[in-house]
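Here chain A shows up in two complexes: once beside chain B, once beside chain C.
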Partner chain A sequence: MIRLAIQGVGVLGGFGCGLGDLEKRLMEGVPAFGSLIVPVEGQELNMAAYTADSAPLERFVNKRATRRIDHFSRMALLGACLALEDAGELESSMERVGVVIASGYGPTRTTFSFLDSVFDGGDACASPTNFSNSVHNAAAAHVAIQLKAGGPSLTVSQFEMSVCSALMTTQLWLAEGRVDKVLFGAVDELCSVLGYCWGRFFPGGESMIDPFSLDRQTAIPGEGAAFFLLTRDEQARYGHVSQIRQESIQAPLSSGETYLLNLDGHAGCSTGYRQVLPGSASVAVYTPYYGSLPVGQAFDLAVAAMALRDGRLPGANGFAGPADPGWQLAQGALDRNRLICLKCDGRGRVGHIRVEKS
Partner chain B sequence: MKRRQPVAITGAGCLCAAGPDLAACMEALFRGQRKPAPPELFSAGHAVKYPVFEVPESFFPASMPADPDMLRTARLARAASAEALADAGWEAADLERLKVGVIVGTTVGSAMNNEAFYREYRDGGSPGMEPIGRFLAANPAAAVADYFGFRGPVQTIVNACSSGTDAVGIAAQWIRAGLCDLVLAGGADELCRTTYNGFISLMITDSEPVRPFDLKRKGLNLGEGAGMLVLESDALIQRRPDRVRAWLAGYGGACDAYHLTAPHPEGSGLKHALSEALDAAGCQPEDIAFINAHGTGTPDNDRVESRTLADVFPGIPFLSTKGFTGHTLGAAGGVEAALTLVCLEQERIPANIGFSEPDPDLPACPVAVETIVAGRFALSQSLAFGGNNAVIVMAKGERR
Partner chain C sequence: MATKEKLKQMLVEELNLEDMTPEDIDDDAPLFGEGLGLDSLDAVELVVLVQKNFGVEIKDMEEGRPALQSVNSLVSFIDSKRTA
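Presenting the complex of A and B:
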């Protein structure tokens, strides 16, 4: 199978907008998050959350063109523009560019806004604008329309496996020559209803993700987008995605690799990591910088791309290392030219993305 | 573009308003029978009772009773998958040692839009989490894989109404690349008040039974169902060559990049998708025996499709099967792939029900009567919100 060359990266989330902001946050070593207002039983709860600002989209697309585009699609469009800008391809032809987007839950705010229109005005007053923007592939459509991307388009919603699953198909599109480039991205958004669900499923409320406290629920919800411009070139600005696997957890993985884990504070997922990772594995975690979201693995992939570009894992982790499983915390210079981004979903599935230096 | 290695289709299953299984659906199609009716699964406050194509409870297999912890979409997908696997001659236990993937296209099956839950929350209550738990447990591809104990990759495609066609095309890519030995692929979707209200709000729903390509067409009727196919690797097929019902010969896809809900007026994305699919199959337009068009019955869709078909496939017979099934959204591509497969085998297509009066604005009309079709290839196409266009080309198999 061919390797996917990472030519551009565009990210936004609770850390800010762009790879530079993420890098800066990683260097400063201070996780930052905002808040999500969650009305419950007449009161407004202020829940810790990593929220993203899509306002910088105006730098790429005029305000008028995006006035009917919701937050979910705005985040995706901004991520896509940032990835193209990073690759120096904002002005390039997009005719043979495919768009592939992964999302755990899709455009939740607009989904509920559509229901608001039904509840407020009756069935006959349902909002057509909200309905058409509530389909999961609305973000891919807006990206294709605004950027004139004429290749095939795919949106995948496989909860925590979305990134791996969608990336598998991306690899095949490039391998088969269906497209010359793929704008591959992942996006998920927060809304008050998700906040309510979060509070019900995980009562308590944490102040910081503690990724290696495997048995303790410390997750803090996040939102954002992470996009990549991928080609099949031999030269890559960041490195290559060389292998993608997604399957039920079976045999343990090799101990001779460095794993970038999407341990995001969900105690229910920790069993999977314990099952697949040998005790001596070398691991790194960056979820405290972008929060817990179904497509968090795409942010890990962005960090891995930076690490391969620089030959070292970025920043200094400001949290305690692994205890019980005996994993070794990887920091500083990379001791081999590859990383594996690993995500377990708590339902017995695991997704691997191996990234290596060109 | 280049020719691709065809991938064997060894089984098909379909459950929709036309029938409880694929054979029953085909009988209904060739009898010219359809049963659109106002929805019974939910009520709505519109002055007009727009008809839908609902799956009666009696159509579900007895082995798959309604499960309060599972979405109807997942139940539909599992039922069609069970039929497809049986048709392919597989027991789930036979597949334990194989790498089996599942790809399901859907729309409703991935939407967190439970009205009762949200209404209670919005009204200041604290709704229980059962509907959310059900949503999280019922991701269609994972629900099918879990039911049969498959351990390979899963992918739920949410490309709106082209999802099912994309699922079948991508399944062939997974097989060709060696990612899986066998892939169950297709689409599944349930009827839902949200989509019912949504399509009515867009003013593209017909108050009469749907009339694809007819002069008086006013829009779609929603439907529900699932259509699933079994695709297998060459290595598996070498052991069972007589199981091949058809070959997935070509797949193409392209985005119009034009409008969120309207197709490109010249069908630019559709033409790209058709070109890619024909190239991949290594065939010419005149090699196509018939086309199962998207044919929703909306003025825009049918106009663009008719113009494109007249342009690319002059004289090739085509029909829309949505007059029998309703528009099953994310399931449509899977349902129509299964129906196309049987029509190719039987060398005949049913009349395009609902079509009686040609529209002078449409340069090509569907078949108005049951029609004998000859040729090795058939084509099924889907157009979707977001400007997605997906096309598959099937070739006749060896199973008799």
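Presenting the complex of A and C:
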């Protein structure tokens, strides 16, 4: 299969907006949390969460044009604009550009709001705009329409494995020559219903993600978007995605690589990392900077792209390093010009994305 | 609140016309195209909003076309249905 050249990166989340904000946060430490208001038994509780602000979208698209676009799609559109801007391609022709989006949850706010409106007022009073925005592919459609992307668009939802699956589709489209470039992105959003469920499933209210405390549930929910402009080119501004694999956890992986683990504080998923990674593996974790969300692996891919560009892993501080599995914490200059972003889903599946310097 | 004020506020808030205030809306300007700049999806949304907020149903195109010309025509339609 062909390699995917990473030409532009656009991210937003609890750390701020843009690769520069993420980089700054990685240097300065774990960001302060936002909050999610969750109704519980007639009261409103504030739950710690990494929330994203999509207001900077006004820099790219006028307000009138985005008035029917909800928060989920706004995050996606902003991520896409940032990736194009980063690649210097905001003004380029979008005729042969495809859009592929990964999402674990989809547009949760609009979906639940639409369902509420049906319950409250019947189907005759349900908002058609809310309905059209409640489908998972709404974000890809808004991105394609606003940016005039003339290629196909698709949304892939496979919960924790969404990023790997969507990236495989991207690879296929570029290999087939269906498009010249793909705006590949991942987006997930939080809402009060999700916060309520989170509180029921994971009571305790942790104060921070402690990624290497593998047996403790320390996840804090996050939202945001991570987008990439990908091409078939031999030259890449950041590096190439050279391998994408999704499989059942079987034999342990090689210890001679550096892994960016998506350990996001979910104790149920930690077992997989223990099974798949040998004790001496070199690892880094960045989840405390953007939170726990199904498409978190895309943020690791953004960090990996940045690391390949700079030849060194960004510092990650403010949380304890690896303990019992004996993994070695990777930091500073890269030992080799490649990294593997690894995601285990807690149900015996593992997704690998290998990125390397051109 | 009078029907007209309530309707204008609803247009701004529910259709997310963030660049306008209710006072900016001309009572006689066309709602679609040149005037307020609404489109066909807004028309469907408006039918739902009028039913939800005023309890008035716009049954078909025959009723909808003249009613949805301007703020004044829509106010007249709503008031006439409510008093009927």
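Keep this in mind: the second predicted complex is superposed on the first by the 356 of 358 C-alpha atoms of A that agree within 3 Å, B and C clash if a C-alpha of one lies under 4 Å from a C-alpha of the other, contacts with A are read in each partner's own complex, and residues count from 1 in each chain.
Going forward, a residue touches a chain if its C-beta (ideal position, glycine included) is under 8 Å from a C-beta of that chain, and two chains touch if they have at least 3 such contacts.
In this text, all values refer to a predicted model and were calculated from it rather than measured experimentally.
Visitor: After the match on chain A, would you call chain B and chain C a fit or a clash?
Guide: They fit: once the shared chain is superposed, the two partners occupy separate space.
Visitor: May I ask you to decide whether A:Arg67 touches chain B, chain C, both, or neither, giving the answer as first, second, both or neither?
Guide: second
Visitor: Kindly classify A:Ile145 by the partners it touches after superposition: chain B alone (first), chain C alone (second), both, or neither?
Guide: Touch status of A:Ile145: first partner only.
Visitor: Based on the superposed arrangement, let me know which partner A:Ala251 touches: chain B (first), chain C (second), both, or neither?
Guide: In the superposition, A:Ala251 touches no partner, neither chain B nor chain C.
Visitor: After superposition on the shared chain, which partner residues are touched by A:Met168: those of chain B (first), chain C (second), both, or neither?
Guide: first
Visitor: Where does A:Ser127 make contact in the superposed view: on chain B (first), on chain C (second), on both, or on neither?
Guide: A:Ser127 contacts both chain B and chain C.
Visitor: Could you state the shortest Cα distance, in Å, between chain B and chain C after the structures are superposed?
Guide: In this superposition, no C-alpha atom of chain B lies closer than 7 Å to one of chain C.
Visitor: Both chain B and chain C contact which residues of chain A?
Guide: In chain A, positions 124, 126-128, 132 sit in both the chain B and chain C interfaces.
Visitor: For chain C, which residues are in contact with chain A within the complex?
Guide: The contact residues of chain C facing chain A are 15-19, 37, 41, 44-45, 48, 51-52.
Visitor: Could you list, by residue number, the parts of chain A that touch chain B in their complex?
Guide: Interface residues on the chain A side: 1, 39-42, 99, 103, 105-106, 108, 111-112, 114-116, 118-119, 122-124, 126-128, 131-138, 140-142, 144-145, 147-159, 161, 164-166, 168-169, 172-173, 175-178, 193, 196-197, 200-201, 245-248, 250, 347, 349.
Visitor: Considering the complex alone, what residue numbers of chain B touch chain A?
Guide: Within the complex, chain B contacts chain A at residues 1-2, 4, 44-47, 99, 107, 110-113, 115, 118-119, 121-122, 124-126, 129, 132, 136, 139, 141-142, 151-160, 166, 170, 173-174, 176-177, 179, 193-194, 197-203, 252-261, 268-269, 272-273, 276, 384-388.
Visitor: In the complex, go through chain A and note every residue touching chain C.
Guide: These residues of chain A touch chain C: 63-64, 67-68, 121, 124-129, 132.
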